[in-house]
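Here come two complexes built around chain A, the first alongside chain B, the second alongside chain C.
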Partner chain A sequence: MLQPTDLELEAIRLSLRVAFWSVACSLPVAIAVAWLLARTRFPGKILLDGLVHLPLVVPPVVVGFLLLVLFGRRGPIGGWLYDTFGITIIFTWKGAALAAAVMAFPLMVRAIRLSLEAVDRRLEAAARTLGARRFDVFMTITLPLMTPGILAGVVLAFARSLGEFGATITFVSNIPGETRTIPVAIYTLTQTPDGDVGALRLSIIAVILALIALVASELLARRVNARITG
Partner chain B sequence: MLEVDAEQELGAFRLDIHMRAPSRGVTALFGRSGSGKTSLVNMLAGLSRPARGRIVIDDTVLFDSSAGTSVPPERRRLGYVFQEDRLFPHLSVRSNLLYGRRRAPARDRTTTVAEVVELLGIGHLLERRPARLSGGEKQRVAIGRALLAHPRLLLMDEPLASLDAARKEEILPFIERLRDRLRLPIVYVTHDLGEIIRLADTVVLMSEGRVAALGTVDEILGRADLRSLTGRHEAGALLRASVESHDERFGLTHLAFDGGRLQTSQLDLPIGTNVRVNVRARDVSIALNAPADISILNILPARIIEIFAGDGAHTDLKLALGNAGHAAIWARLTARSVHDLQLEVGRNVFALIKAVAIDRQSLGGLQPDG
Partner chain C sequence: MTRTSRRVLLTVLAGLLLTMAAPVQAKDLLVFAAASLRNAAEDIGKAYEASGAGKVTYSFAASSDLAKQIENGAPAALYISADTKWMDYLADRKLIVTDSRRDLLGNRLVLIAPADSKLAIKLAAGAPLAQSLGDGKLAMADPDSVPAGRYGKAALESLALWSSVEPAVVRAKDVRATLVFVERGEAAAGIVYATDAMISKKVRIVDEFPESSHPKIVYPVALIAGQDDAAAHAFYDYLVGPKARGVFLDYGFSIIGAGAATN
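The block that comes next holds the complex of A and B.
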């Protein structure tokens, strides 16, 4: 009775894989974008800021549709990827990860940017007088001091990726074992006669996964903070 | 030689520095807050860039706007001890100390970690995080971290300003040791005359973004026309003296200088130590005849060589001591006394100095005999 069914396990495994790759691939980009937004001035910065935050305010179905246009077999990026590397994004779990990454990106950038802005730049200046180049300072001083914010961003993005629905179903559809993540599976069950029990079971699983992620991040953040403040 | 010609506009504040100072011993940048001391040090360190000018240390060009040269801070090899400790909070004391050393060229690693740790007395703190250190301990670790980057020159920006008097006393001897043992040139920013007296060899007096005067500590402190910048209250003159003997019975120390002898509160210094003594003008009185039956122990024959009328009720007299007349001190009197005693340049008088007016705080430039 409490034992998850094979279909449920498949959805969980797929969701975790999609969320993991979504976060892993967007993290370096998010750090770079957060750095651009927090530390540099360039023309068009406000545009980049807006672009990053767009998925928060645009209907997810629009994001999914734009991805479809761009990354479809004949889309400008999708076509190039297929012709050059033979990679197909659309209707695959990679596409689900891409959709999740785009939707979670603003949350991740926000958390990382806040932690970057909180880093005491006088410490960075001190490091430079001690002989460290800019990149060295970033790796040994700035990044370690940002760890709590990066963790928060990662967990937030992970949880958001687990729950991604609208852009995913628009972009990569609903293919069992390939793109049917937990939210898509729940949606499918609600459309099926007598699917209510199954939908409830998956909903509970979704809540538990999200809780585990939040608690784990809180515990990690405490350990990191204890390390930083001695 | 430390050569600076630099101009910079910081909002409404204009910095216009031109100076040539020896790059050995302690060069003190002295002036009120807002006179541009920290801005100058940041330009030396490369943390800020002059709009125009040239900065050269011992024939190494660090900045030259006309040639487009600006050496980045990490390649200037200048140690910097900031007003706040700026220790890296995520690293242990040991890792903080090694941060600069790991990045220094091997051939420059002249001092060892053990040496610096011993010099600063921080051996018991190595495994701690900065958050677990007291203010004085933090500043000592910050000094050690800068030293272990093996700089060619050490910049210290009011390293004692954030500490209370007791903590200052805890750190000053360590800075004296740096100067005497490591022979590292130091540029030391302060607005505290006491620190100048104890540490400085050369003084750069700064005011409103400019160098108002530059010279040896004796010259600058002895100049009456700079009193409005060096501070009236502590104003005086420096005497070069050496410890001659200790009077254990009464707890006194005898100092010999070129032109006489000075009795002071007991100083915990070995006989033969060379010191410089700040004799404050307000601690010196004048008598026309050698007084008898008086508590004051130091009664020195002197001759008035300069009269400087300050504002209002004060007048400062410069006195040559002894026959040779090399040593000079200042006496601050009321204008009324000067009038009543008919004091004028050339007149022979007696300078009276209370022994208790001179203590450890009045001393600087301690050097062992030889």
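The block that comes next holds the complex of A and C.
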């Protein structure tokens, strides 16, 4: 009962890869956007804020369809990527990572933004008066102080990426070994007669992976907190 | 909590209660139908409502999805599957009213391509389908479970094409999701029912699969055990009757079973 089949193992490996790349590629963007939202004022900021949070409230199938329209081979962005670099996003694991990244983006930005807002700006000011350049201040003062929030954001986004289903199946469909992640594999198994055992097994694995991620984020955040305050 | 915010909260709660109560009051008839039936079934539902007989609510999805939902207690009164396998699945579990089961419709399986595509191929044993696709994808409903995909896989297998095109296969959620991939030109070709190809201007039929290449496409209908009240029976009779038959024919389905003709 507990021994996963090869197909299920393939889904687990693929999910981990998709979630890793989803988080790795969106992290720098998320930090930049969190910075814009927390530290700057510009016209249309409220719009950017709304746009970032959109994937939390829009149906995932809508996100998937928009990705299909934009990043498909005939879409404006997908077409350009293919013509210029020969990169195909749609129907590949890269597309699955993109869908996961978009859906997890708000969670990541929120966590990072909160930690950025909690950074004591007097520490940055002190560093500036001591002659540090803006970029150095960010790298040596601000970023280390944000670490708990960044870690929390990364882990939340990783867990969310592991669970992405609606946008994924709409955008990159269900291809074994390429886009059949854990949730898509569970969906496939629930559609198959006598697939219930496998679906249950993968569901348990999904819950365990999510729990590990959440506990890890909590432990990491605590350790970092202890180092900063203590 | 201020008075205003309390009032707001109460209004929201009252609204929520109303939305929960609404479906119970209306007593809509819930019909589960294969995704390929969407347009035809919706027209039939509208005509039925216009005749004053009552309201019909549909849930369209892959037949496999719907069968699993019924197995898990979904309150459907009627189920129309796109193959006999999933109806058998429910029959084996004693979830349908046995003597209400009848084969309602037939359909044909076709290979489609985006309207502006130049793909041309005659579907026969050993046809160069994989070569024609090039690096393009072949979209079809999941060949392991969804009827349209299973018919498609059977047809490709009997034409000895499956193993060569399998790496190019993109598995869609249901037959209508397949249609979207081809309409948008993201898949070079797709396998859908003739009726699906007919409702879209953005795709064209490349060729029809020989009828002998796949199991006969049959849409059985049945009442769901325990949900077969008078309203369900009334709509069932309408569905197998001449008015509904006209709509199904307009959409390109064929009518099967002598029973349908006597109505």
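FYI, the second predicted complex is superposed on the first by the 229 of 230 C-alpha atoms of A that agree within 3 Å, B and C clash if a C-alpha of one lies under 4 Å from a C-alpha of the other, contacts with A are read in each partner's own complex, and residues count from 1 in each chain.
Just so it is clear, a contact is a pair of C-beta atoms (placed from the backbone, for glycine too) under 8 Å apart; a residue touches a chain by one contact, two chains touch by 3 or more.
Keep in mind the model is a prediction, meaning the values are calculated, not measured.
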| item | value |
| --- | --- |
| Fit-or-clash call for chain B and chain C when the two complexes are aligned on chain A | fit |
| Contacts of A:73 with chain B and chain C, given as first, second, both or neither | second |
| Which of chain B and chain C A:203 touches, first, second, both or neither | neither |
| Which superposed partner A:141 touches (first chain B, second chain C, both, neither) | first |
| Which superposed partner A:129 touches (first chain B, second chain C, both, neither) | first |
| Touched partner set for A:174, first chain B, second chain C, both or neither | second |
| Chain B versus chain C as contact partner of A:92, first or second or both or neither | neither |
| Superposed arrangement, angle subtended at the Cα centre of chain A by chain B and chain C, nearest 10 degrees | 150 |
| Overlay on shared chain A, then closest C-alpha pair between chain B and chain C (Å) | 32 |
| Parts of chain B lying in touch with chain A, wherever the complex brings them together | 45-47, 72-80, 82, 84, 86, 88-90, 99-100, 103-104, 128-132, 145-146, 149 |
| Touch list for chain A against partner chain C, complex | 68-69, 72-74, 90-91, 169-170, 173-175, 188, 190-193 |
| Interface residues, chain A side, partner chain B - complex | 122-123, 125-133, 136, 140-141, 144-145, 227-230 |
| Touching residues on chain C, where the partner in the complex is chain A | 62, 64-65, 68, 89, 137, 139, 142, 144-146, 169-173, 177, 180-181, 184-186 |
